[in-house]
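Two complexes, one shared chain (chain A), two partners (chain B, chain C).
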Partner chain A sequence: MKYLLRRLGYLLVVLFAVTFLVSVMMDFIPGEPAYVIIGENATPAQIAQVHKELRLDDPVVTKYVRWVGNALHGDFGRSFRGNQPISKQLKQRLPVTLELVILSQVVALGFAFIMASYGSYKPKGVVDGGATFLSFGMISTPQFVLALVLMYIFGVKLHWFPVSNFTHITKSLSGNLKSVALPVLAISADPAGVYQRVLRSDMGRTLREDYITMAQAKGLSPGRILVRHGLRPSLFSTTTLAGITTARLIGGSVIIETIFSLPGIGQMLIQAINGHDYIAVQAVVGVVAVGYVVINTLVDLLYGVLDPRVLAK
Partner chain B sequence: MTIVEGAVQAIGATPDEEEPGPKARRRIARLLALAWLALVSVLALVIPLLPAPKPGVSVGKIAASPFGHYLLGTDQLGRDIFSRVCWGARISIEVAALSTVIAFVVGVGLGLLAGYFRGFLETVIGGIADLSLAFPGLVLLLVLTSIRGASAHILIIALAILLTPTFVRLGRANTLAFMQREFVLAARSLGARHRRIMLREVLPNVLPSVSVYALTAAASVFVVEGSLSFLGLGIPPPTPSWGSMIAGGQQELLQHHPHMVLVPSVVLFLTVLSLNVLGNSRQEAGDRSRPVGSL
Partner chain C sequence: MKGKQARRFAPMAAVPLLALTVLAACGSSGSSKAKGGTTATTAAAGPKVGGHITYATAEVPSLDPLKLGEGSTGNDRGIQIYDTLLKLDAKGNILPSMALSMDSTDGMTWTMKLRPGVKFTDGTPYDADAVVYNIKRQADPANKFAFGGNVSDATEITAVDPTTVKFVLKAPNGSFPLGFTTLNGLIASPTALKADPTGFGNKPVGAGPFMVKEYVRDDHLELVRNPDYWDKPKPYLDGITVKIIQDPLVMSQALIANNVQAIIGTGISLAAVKGNNDIKQIGGIDTGGEAVAIQSSKKPGNDIRFRQAIALAFDPNVVDQVITKGAWTDKVLLCPPFTKDSPECLPNVWPKADIPKAKQLIQAWLADGNNKSVTLLAIQGNTSNEFIQQQLNAIGLDVKINTLPTADYVAKLNGGDFDIAWSAMTSFSSPYPKLFQYFHSKGGRAIPKANNPDLDKAIEKARDGLTPDARVAGYKDFQQIMDTQYYYVWYSPYINGLLIRNNVNVGPQAAGTNYHMAEFYLS
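Right, the complex of A and B next:
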């Protein structure tokens, strides 16, 4: 319990430090927000008016404290462009990114579980060798290269999947799945390769333990040994990795969202930065940082499930 | 690859290598990787001397297919792709090499100090490194480029900042492990100064295992440099880089001229693959000296 509280405290410090750093950085970005709001022809009087209304001239710390206070109430301010509440934009865009992240993690972990389990069941066989080879290739393929190649083969040549039109999940489930299939594949290849390698090597180590020999001696079926005895103790590194990767992907799907023009928060981030809309940038980074903390806390809790000794310490 | 690669290093989970296949096959893979990297570097070095068209000049024929009159074809503006790939290699290699070297020197230096002196210094350096691993790297890159405008120098600095924390962690972890060894104790009992122990006893042992990661890190820089081109934040035109060539050909891909994207993509893929193959084999070779656990 003490361990969990300490971890949680540490993660909260990370949360505040990251959001604070970003608000400091945003202060360094050149460009006059008033121009973004009113237009290039803003008069000095109008600029002063905007500064007064948005309290832009306050010190960074004051602005940050005010931002945190509002953010805790779910109020991220209004976008410089279009004067839309940012929370509304987030509400529309976050599900898109989360769908991408979750689906690609499911694909990646699924690949790793199957390949690593079968690979350690029949080590150095065709499947094991093939999976290791494939994983190495997937790790070495840049995400955007894979995205373009998939787009060319399955979008342009075969017309199986749309190249850029995003269908919202509320409109049509199959249409939605079709429009995220290629992006999900492009995102999941690299983590899948890494998970496979890590899990395979951890499984190999676990399967040399005495209790595995014991389980074999009892006459348990190989499948049961692999899943019940082998998998769980081997999941530590993979769980940690999956946690960190998931957290990073929330903000790291920018390139894929750009290539496939998906309306997620990555796209929002890039538009906000290009438009000097630093209120929106701060909101997205805040969400990403919260995601990082939540996921890492969940991973810490999972350790307890994987190995109860962690909590007893 | 950068995202997960960073994560792997962050938790110190280096898969131990049980690659199937005989040793000879792995040696061939290593030789091929070396040969490819050598070919690319040599072409990048000598391209100004070759009688190839300049990278910004149109040779007349637009979107020519590869293996015809032009070795790798021409792009949407009629520029020779072979020449652009070679010129692009110069800038892509420069960015990857310099940012990795800066991060390596700074990171290992700080990690060595943190691991050697422990205490407050370690808390501060370790804390900063932890924090920057949680920081969205893309935001840093975007902010730096929007302040100073995209250029090779800004890219190198930004990427070096992003790579440093992992080198700090690795450097510190390895220092901690070697500090327990008898030869350090021996040096200390002989009255060696801190500087001598750090530089002559600990550092030479730390270097091999960290340089393995440097190859992987360099591979990831190639990828990030390319990714940024998609966001309009990479090396600005007209300078060709692999990333900007791939990003620039994106539209043409959909109009059935895939070679403009595929040629630089294959070159980039082979380079990243080669660096990973070498990084991997160095890891195997370094295993004997590698300390237990790298967290």
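Right, the complex of A and C next:
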């Protein structure tokens, strides 16, 4: 419990620091938000009116305290661009990004578990060598290059997957999975390669432990040895990596969402930045920060499940 | 595009009394109506009714008519939701639409007759009161509507009866009806506007061929057929999804992959789909173009040697290679911003590229103690910025680029807060009001800040002429001045038009990018 409270306190401190810093930074960004709201021909009087109505000239601390107060009630304000409630936009867009991140992690971890386990079971075989080669390729290929190549081959040439049309999961599950297949592959390639390399190394070490030899001597099946006795103790590094990567992907989906025109928060962030919509930027960054801290807290808690000695310490 | 301008004001020429009378349209050519969103019923020997297309374009600030721009900057959605009071045909003749006619005997007092019995999709009558409410809203300077200047000269805008609107102008203006073929012709439901003035842009209500089913900002706009549209069986399509895609290359790939069926063509997208037999192009080299605007009321732009040097600095072959990506077939700027087929075209006055002479001019200008360092005002992400910088550095200038987000860029551009600036004029179906806005000292933008009374007079002559010949003469005067004073240096034509899949037919359309998608149908 004490451990949990400590993590919670840490979460609050990080949230405060991130959102406050964003407030300060948005105040320094050049440009006039009033132009976004009332158009490019705004007069000085109209600009002054907008500043007064939205209290844009208040001190940054006052604006921040007001923002936190509203955000705690689920009110992130209204977008300068289009005058829509930010909370409504987040509600529409967050599930898209979360779906991308979750599916990408499932694909990446699935690839790593299978390849690392089999590679450890039959080291230096064709599969092990192939997986190593593939992993290095996936790690060293920039995400946007892979996205464009996948789009060209499977979207433009073969017409297997859509290039840009996102289908919401409530409209069609199969359509939804088709529409996110290429983005998920593009996102998952890099973490899949990293997980495979780390897990393969950790499992190789674990499988050389004495208790594995004992398990083999007792006649346990290779599958049981690999999964039950080999995989679990080898997951520490991969879990840490997966936690960091998941959190990173929430904010890092900007490029992929832009390339595939996916209506997630990454695209929302880019459009908000370009449009000087700092209220939207603040909300998105706040959400990403929450995601980052929450996921890392969960990872910390998961250590305790993987190895109870962590909690005991 | 051939001959597209040749007939722009033909209706007015044909009526000696200067009466622009647009005869009532026949209205429905058949009574068949698409049922329940299903496809493939056929209007009597006409286009197929039914089906759906996805059209990709960029997002706009709002769907409120006052916030829309022409073509792909908003009117591509506005026309579908609101329709227009009048419209242009492929030959540039003014046709009835929501308004049946627009008459004047002196160019000052105009009478607009509205189509009776039309209602907005919220049930509000589309009558004279609704039109007056919208036009007054457009004219209100507080609303800062880009096309407000077209109607702000009206001293009287009154509803004579439910189907008649009377406009009295300060001075004769033969071009007055043209604004109603575009943004001034978008009429929104007054009931919906009054109910939620700030939220209207997200829930627009019009009387156009389509109505909004769903709008997810920055992602898509779902339009479905308005079952009570006045011009049945149009729209032929059951619906249109407007998909927001920012990148023209991604847009092109989505078109090739048939994820979308129509996009606005640009140099990049034309190059991307070149040779693809499943895609056709509507339009091409059009009016308008890309240019370097020169702030001519202060240093360095107030010296004609500086302006002329920039006008001579752009080699069309290089421009086509870098900017238009091979789509500029003839590589000649004969009479920008008009096309060679425009009646307004004054050929061979715009100078041809001459780099050595441009260098000489700059050297002479620098010898007088001027500083070669110049700042180019530019928009973020525009591929032309570095190109302009390179071309101008090659003639002896030292160009720094100041890139800004769109809103800030436009504010500086309109306010004259720049040395030189990248600028683009999108294509126009009619030169009025665009050229008036861009170059007249009271046009709202007056981008080069020329402060040239002769230029103002030429533009006024073009605007106010009561015959087509008089207006064409005004535009030729305008070109003569612009082509020898170099306030706005054209370097590329506007490559434009729709790129669509072969099975999409656009029906009769006017030149430019203000497409009436009610005419679209599938093969």
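Just so we're on the same page, the second predicted complex is superposed on the first by the 308 of 313 C-alpha atoms of A that agree within 3 Å, B and C clash if a C-alpha of one lies under 4 Å from a C-alpha of the other, contacts with A are read in each partner's own complex, and residues count from 1 in each chain.
Here is the rule we go by: a residue touches a chain if its C-beta (ideal position, glycine included) is under 8 Å from a C-beta of that chain, and two chains touch if they have at least 3 such contacts.
Please read these numbers as outputs of a predicted model, since none were measured by experiment.
Judged by the touch definition given at the top, the superposed model places A:V156 against both chain B and chain C.
Measured by the number of chain A residues touched, the leading partner among chain B and chain C is B.
In the superposed pair of complexes, A:L173 makes contact with neither chain B nor chain C. Contacts of A:I114 after superposition on the shared chain: neither chain B nor chain C is touched.
Applying the stated contact rule after C-alpha superposition, one finds that A:N165 touches chain C and leaves chain B untouched. By the touch criterion stated above, A:S237 is placed in contact with chain B alone, chain C being left untouched. Contact with both chain B and chain C is seen for A:I259 once the two complexes are overlaid on the shared chain.
Looking at chain A, you'll find residues 30, 151-152, 156, 163, 258-259, 274, 276 touch chain B in one structure and chain C in the other.
Interface residues of chain A facing chain C in the complex, by the touch rule stated above, are 30-32, 35-36, 38-43, 46, 79, 81-84, 89, 92, 151-152, 155-156, 159, 162-166, 258-261, 263, 267-268, 271, 274-276.
Note for the complex: chain A touches chain B at residues 14, 17-18, 21-22, 25-26, 28-30, 123-124, 128-129, 132, 136-137, 139-145, 148-149, 151-152, 156, 163, 190-191, 194, 197-198, 200-202, 204-205, 237, 240-241, 244-245, 248-249, 251-252, 254-255, 258-259, 269-270, 273-274, 276, 281, 285, 288-289, 292. Of all the residues in chain C, the ones that touch chain A in their complex are 54, 56, 59, 61-62, 67, 142, 144, 146, 198-199, 201-202, 216-220, 243-247, 250-251, 253-254, 256-260, 380, 404-408, 410-411, 414, 444.
Residues of chain B that touch chain A in their complex: 1, 3-8, 10-11, 13, 15-21, 130-131, 134-136, 138-140, 142-143, 146-147, 219, 222-223, 226-227, 230-232, 246-247, 250, 253-254, 256, 258, 261-262, 265, 268-269, 272-273, 276-277, 280.
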